[in-house]
Amino acid sequence: MSPKGVPEAVIAAVSSEEHPIAPFLRMDRMPHIWCSTCGIGTAVKALVAAFEKLETDLDKVSIVSGIGCTGRVAGYVRLDSFHTTHGRPIPFATGLKLANSELTVIVFSGDGDLSAIGGNHFIHAARRNMDLKVICVNNFIYGMTGGQAAPTTPLTAVTSTTPYGNAEPPFNLCHLAAACGANYVARWTALHVRRLTKAFAEILVKPGFCFVEVITPCSTLYARKNRLGTGLDIMKYYHDNTVIEHGAEPADTDIVFGGPIICGKFVDRDRPTWLEYQDQHLGEVLGDKYYRGKVLQGAGER
Amino acid sequence: MRFWRTPLDADKMKIPRGELHIIVERCKGCEFCVEYCPRDVLEMSDEFNSKGYHPPKAVRPENCVNCDLCEMICPEFAIYCLTVEEEPVPVEGGKTS
Amino acid sequence: MRREIRITGFGGQGVILSGVIVGKAASIYDNKNATMSQAYGPEARGSACSTQILVDDKEILYPYIRKSDVLVAMSQEGFSKFVGELKADGVLIYDEDMVNPGEVKKGIKVYPIKAQRMAETDLGRKIVTNIVMLGFFTAVTQAVPKEAMVEAIKTSVPKGTIDLNLKAFDLGYDAFE
Amino acid sequence: MKADPIGVRTGTLYLDGDRATAEGAIAAGCRFFAGYPITPSTECAELISERFPEVGGIFIQMEDEIASITAIIGAAWGGARTMTVTSGPGISLMMENIGLAIMLETPCVVANVQRGGPSTGLPTMVGQADVMQARWGSHGDYEIIAYSPQSPQEAFDFTIKAFNMAERYRTPVIVLLDECVGHMVEKVVIPPADTIEIEPRRLTDAAKDEYLPFAYGDDLVPDMAIAGMGYRFHVTGLTHDERGYPEMSVRCQEWLVPRLVAKIRQNADDIIEFDEENTDDADVVVVSYGISARVSRMAIDLAREKGIKVGFLRLRAIWPFPEKRVAELAKKIKSYVVVEINLGQIYYEVQRCAAGRCETLLSPHAGGGVHDPEDIFKVIEKGAKVK
Amino acid sequence: MSPKGVPEAVIAAVSSEEHPIAPFLRMDRMPHIWCSTCGIGTAVKALVAAFEKLETDLDKVSIVSGIGCTGRVAGYVRLDSFHTTHGRPIPFATGLKLANSELTVIVFSGDGDLSAIGGNHFIHAARRNMDLKVICVNNFIYGMTGGQAAPTTPLTAVTSTTPYGNAEPPFNLCHLAAACGANYVARWTALHVRRLTKAFAEILVKPGFCFVEVITPCSTLYARKNRLGTGLDIMKYYHDNTVIEHGAEPADTDIVFGGPIICGKFVDRDRPTWLEYQDQHLGEVLGDKYYRGKVLQGAGER
Amino acid sequence: MKADPIGVRTGTLYLDGDRATAEGAIAAGCRFFAGYPITPSTECAELISERFPEVGGIFIQMEDEIASITAIIGAAWGGARTMTVTSGPGISLMMENIGLAIMLETPCVVANVQRGGPSTGLPTMVGQADVMQARWGSHGDYEIIAYSPQSPQEAFDFTIKAFNMAERYRTPVIVLLDECVGHMVEKVVIPPADTIEIEPRRLTDAAKDEYLPFAYGDDLVPDMAIAGMGYRFHVTGLTHDERGYPEMSVRCQEWLVPRLVAKIRQNADDIIEFDEENTDDADVVVVSYGISARVSRMAIDLAREKGIKVGFLRLRAIWPFPEKRVAELAKKIKSYVVVEINLGQIYYEVQRCAAGRCETLLSPHAGGGVHDPEDIFKVIEKGAKVK
Amino acid sequence: MRFWRTPLDADKMKIPRGELHIIVERCKGCEFCVEYCPRDVLEMSDEFNSKGYHPPKAVRPENCVNCDLCEMICPEFAIYCLTVEEEPVPVEGGKTS
Amino acid sequence: MRREIRITGFGGQGVILSGVIVGKAASIYDNKNATMSQAYGPEARGSACSTQILVDDKEILYPYIRKSDVLVAMSQEGFSKFVGELKADGVLIYDEDMVNPGEVKKGIKVYPIKAQRMAETDLGRKIVTNIVMLGFFTAVTQAVPKEAMVEAIKTSVPKGTIDLNLKAFDLGYDAFE
């Protein structure tokens, strides 16, 4: 029962050419597991571009994922990165952030992870306005497990658990996040690489619960089951059917099978974060006895 | 949905020139770069890489203005563009091509 | 006698269905025991893809391939990954247009076919490449009786495509002289 | 009671263990399924989602595993035969409400297709390390019934058994598959509906104002009412008296919980199932289950060839554990060799029941694959040399 | 280890007088465990009054509770009644309802039960428009466990886990239910016995996910910790501070410590229920092969 | 390392076991607590919510127990010493993510104040039936450390131990109280901070580009990095190699999981704790823990008065189980008597380790109260008559 | 927030008369019935029941119009009102008291 | 010697605090062992309420009352519930205004006091009824030294109320002649 030998770290054979993204990613793990035309890689690229734009100190950025195709993001990004359990990246990130409030904590996960099994954490973190940057790749399906329905699957769409078409109304995640109190809510598609980068750059510096939904193609499963063509066809669909409407009322941005996709920044407000509110309130009530208050004022005794 | 920058200095501007790099073995042939290159620099190649995908090839490299879009949109981190500085050239009416 | 068969290719080539057909043919229409399974793992997603079929007169106890008797390779990647597990006197069947086997160990019996090209050219339907392959496989190995394979194909492919698939099967079968 | 023909796909199919489980459930009359996808169990749910509309079943994909297990408990009280299916992470999440099913004495079936653990582990690869969890995973005292099929055919057969035992003892029953059995495709013979025996629900026929939901007879199992029959009964996960009313007392706890345990322990002989081979003159007896039982047989053959006298005890039901038989055999053999894809679980049970009368050896496997029969053989060899 | 003797059913000694509610309640369990001035009993009374008004066939009504003071309701009402686990009455009720769609299924539980641990089931059931009548007693606190903060506890309110006052913004449950898709959403207080009865009568006959929030006094814990006086004082507070505003935009009905309580019926719409949608969709796609379709049309073969 | 004085309320307090657990945690340096109320554990969380603002800790009441356990795991990776506390239904819900903590090798402490089960059971009354669950409740193979205090003083002391062992072995540690100990109020002496030894976190000092998160030395425990140190490490609940990268292979599983188990088993002698009394010439040895250990002592006194030679083995740590000692003692005694508030849990472990060398008897209790010492006495008497 | 019924027939109407029943032992003395009785029928008694609560007592029973409010609002199911039919009496202006 | 004490009354009467004070006095200021606990259960909510204190020179093993030495009753309900557990020669202390003990078994020593009335009348603060009771209890039983009780009160009641509470204690103490 004693452990056997350590397997040597096997460095994946990659091209000697260096992509500028190399410092940001664990290149020894390339190629990634995502299918051809999957949009997750593009979303990751946009995040990296936002880091570059902001010249973020990456030593102070953590990324937390749940389980799913998107959940694998944590494994590829060269940050302190946590691949947790299905549905739980938000409470994990909550602990991480509150244990060290200097960290910027990003949650990068799939729609199923965040809104099915993780739905409760999602709404409560939004309510608390917990200072997390939540990036949700929405491909309308469970990718990792092979294409079952998600709470985002549009009505009538075929999945492996709705073989005759989905008969259950989906969530509009932007609406849900907004209704629960998120500070920032936006939606873009994998095609909107520049706007996505901008959104990511915005949330990286914005306090509170920030939510960006990234609509992405899953050609292997969602597109195939629904005969939507190749990933490129889907990108073209985004091109032709996206309506950009900043400030749109989130309730009016539902996504319907074959319908237009309303994108834009829907919410941008400044509720105090959970920790700000704690510090403010407890500081007021407890005065000098509030330890974090003393520390925050630079008067910490330790 | 073409991404483009309006030049600010219409009289005289640098045209950034890009030097395209394609990591053929990493490409999964999605065609995004080809489709969304605003300058039609790329085409899909007939060749296969060892995984059986067709990578893109640069058919009009001289057109590349280093807009980075291929790099941004490639889900495989398989293509990128490095800047090649050129002399400023006079341009008329802000039109760049 | 236990026979261990591996079929490998890309996702989308119908590799898994091929496995099901062989297994079904052997077990249901040839009254052998046949255990089929597929390699799982997130990395398999969309790219490399493989199935194994174990056929035996006796009960099948060990559920995986240890040394394969037959490797049917429809992609270079799959070929490279699995050629090593072929028995010294194993049978290698591959699509010439997709696999370059290079130097193969002596003793291994090698049967190339242009299955995809035949499917495209002769039937105009690339999608039945796997069935062409199965026909060829059946003829080469005689691992499963032809009739059993035909029955298995009939009950495994979509109703409207039975004829096409049987044609494809014959095409492959007849390609082995 | 015979199976309803509408759910029985009589004939010879070529199915994987997951789908065979689904067919078993449908044949057994399962008409409500709530689940949440997880590798390597999903094929079961997928087949149900495809088959149910045509047989009048309700398939619902819930928001998580907790909702799934709770929904099937609710549905059982609505009168349905119900099942959910999951794997490691999901079964862990279900533990609290498996306890609820135990306490409410709710017939239902939970299939766990075991993968490599702990945690997310090896999602697509085989494991057998949830065996003790099946027995002990929920808080408080209880007993469980768990079956371990070694082939898709048995997945079909044992699932029907699971439904029957769930009804007979009003208790959740676990079908403990492993990924290997769940994903292997083999011939599955589905017999005609009229040859499939289905245990009817023990519905009460008491007069409406005389019905006591938790009064019981000799077999310790109370008769059940379901919602809508007009009994207006109450059930609670709290400790409760025979009316089903909560009563917070040692006395009531002593009345209730030991019976819940005893209804399985006392009837264990009716539930316990194992195959025994060549134990008469054996020096070594191999104990195994699930896919490991098949691989063990190879090692046994090897050992026999070398002249070692090896018997085999193959657990068809893992829980309740065949304590008596294991204790008996221990008296006349040199050693047990337990073969399982974990680092020692049923091993402990065998060791306990052997009670020092013979050695107990483990042939472990961390998971992700099956044993190399050679490795098992070596342990058998060691076991034969004992004393 | 064999079970000991059955304790005789002990009938609680009650007054020989018969309250008209007796046929509806398990009088052998009276007195109930609720504190003096607790509003849960009043909410129960209103439900019974609704039954009486509608002359409901109570054999076909089931009630499901989670765990909490309110959770005990299932134990007192003489219906098929299920006291489940904390947070899980909604999925339990979902199974019950779908297994026998003839039943009217009521979920009667606390705010903590339904919106803290049970939050995910709440939002998903509302999204699905599952045909459940969800009655939520909101006392702004966890009663059963002795007065900890709930996701409904107003800012600054004292609880045993917010001893210095709550610094976490609460949910507005009506807004949440509405945002997720509930067919019917209303809020009343324990004082509004008649309106509450009317609301209950409405939801008992309305298909889909119906949500009624009942604001009730918890004098033992919430009022005591926050020095709000007796239960009667709180009832008076309701009297003086309730604003009835039917059709109010749910987002505008937040409850603030010491502020007004906006009551009324906020949402009343007719999305198809989960089962209606399934039946309709699967019936369309599968035609004759859809078993329930046949049964529903009275053409069942069995 | 010594305790930070700011968290240590040195002096003599009159505290219940729940609150003593809280004080122990704060003394041990716990500065992040996430929890969800549940009887009979809530007093612990309540005291933390009151004390934390003054010591710089973060208290957060999460939406449920799953969020609570996951948040403390996250916080541990943020550098905090962390704890959550719960009881039966809550601990069952935590099982999946206790597995995550095991797999990520995360130091953290989970207190479970046991009440009567199964299911909602007897929320306000005592039980000890979550003992096997502590060991086996999450899917997959693992080992756990669990302490069982018998008084508020020990609740304080053992909680500090739990934090220390969590750091030493990078593993979740369970403090298994029972309602009786959790709710009893007794004198608790809190020593000066500088007499409280605190195990520092095993932080890596490797060069940034040489750090391998799961490379380990002789004690099998890898050094840890936490977020923000600049190591840019990756951890996953999947089977992973020494870089922390997922690797789906038998080889990697064999490298990883047996070590996770072995780091506890191999170091068991460092962890195992028990009190042994009068075992030298004993005919009967009573095995017990938690509140039952105290009550057992009364029965032992009774038995001694009657001239029965009774020894006592009191488990301070229940897991890892003192297998060796139990096996040794079995050789020279007539019987073990296991006293626990359940229907047989540690009983099975004792029986297994006794391996038939002596009898093993159980003095069970269904829960809701403690044993009548007379009942225990009777079993001891029976045990003395063996052979 | 007084609950009241506007009489439809102002000329002639039945005044429903209520017969109050108080289950003293079940009462927990919350005072809701006393406070919200629209006709001030009730007052809290000085007596204790065996649990130590003051139950209400009917001090103006003749005023009771069987509006049911005490019954509706009592959280203890401790008070109720039965209808006592009376002869229709002429009423002026819809005012009932 | 082990002494088993029960204090019972309504919620809100400070019963639990009384238990803490007695236990603390005995264990911290009198160096005995003292285990205090309270009856839990949802039914206790707001109405009946009780605490038990076990005091011993030796280690306290059994954590609950088996037969009480002293019952302090501040409500009728509590009295009725617990009078049965009093030892044959036990001590019964009760508030005359709240408890009517009726016929008490012979052998039990009975000590009535009008604690609430004294608190109200003499101190104008009904809230310290429990402390008056404790004073009386201390004087009657001498179970815990007076000084220890005083210390325990000082460290258990809110800072600003120490004097008031000590006065209440003395009042009760002195009520026992």
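Lettered A, B, C, D, E, F, G and H in written order, each chain numbered from 1.
Here, a residue touches a chain if its C-beta (ideal position, glycine included) is under 8 Å from a C-beta of that chain, and two chains touch if they have at least 3 such contacts.
Every value quoted in this text rests on a predicted model; they were computed, and no experiment measured them.
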{"item": "Chain hops separating chain G from chain C, counting only touching neighbours", "value": "3"}
{"item": "Between A-F and C-D, the pair with more C-beta contacts", "value": "A-F"}
{"item": "Rounded Å distance between chain D and chain E, as computed from the means of their C-alpha atoms", "value": "36"}
{"item": "Computed distance of Cα centres, chain F from chain B, in Å", "value": "60"}
{"item": "Distance between the centres, which are taken as Cα means, of chain H and chain B, whole angstrom", "value": "86"}
{"item": "Length of the line joining the C-alpha centres of chain A and chain C, rounded to whole Å", "value": "41"}
{"item": "Shared interface positions of chain A, touching two or more other chains", "value": "1, 34-36, 67, 83, 85, 116-117, 119-120, 124, 144, 151, 164, 274, 278, 282, 286"}
{"item": "Chain B: positions in contact with at least two other chains", "value": "none"}
{"item": "Sequence positions of chain F contacting 2 or more other chains", "value": "39, 53, 63-64, 66, 89, 96, 100, 104, 119-120, 123-125, 236-238, 248, 252, 254, 256, 258, 261, 343-344, 369"}
{"item": "Chain B-touching residues of chain C, taken from the complex the two chains share", "value": "10, 47, 75-77, 98"}
{"item": "In the complex with chain F, residue positions of chain E that touch it", "value": "1, 67, 83, 85-87, 116-117, 119, 142, 144-146, 148-149, 151, 160-164"}
{"item": "In the complex with chain B, residue positions of chain A that touch it", "value": "14-15, 17, 19-21, 25, 30-32, 34-42, 45-46, 49, 190-194, 197, 230-232, 235-236, 239, 242"}
{"item": "Residues on chain H engaged by chain F in the complex (per definition of touch)", "value": "19-20, 23-24, 27-28, 33-38, 40-42, 59-64"}
{"item": "Chain H-touching residues of chain G, taken from the complex the two chains share", "value": "50-52"}
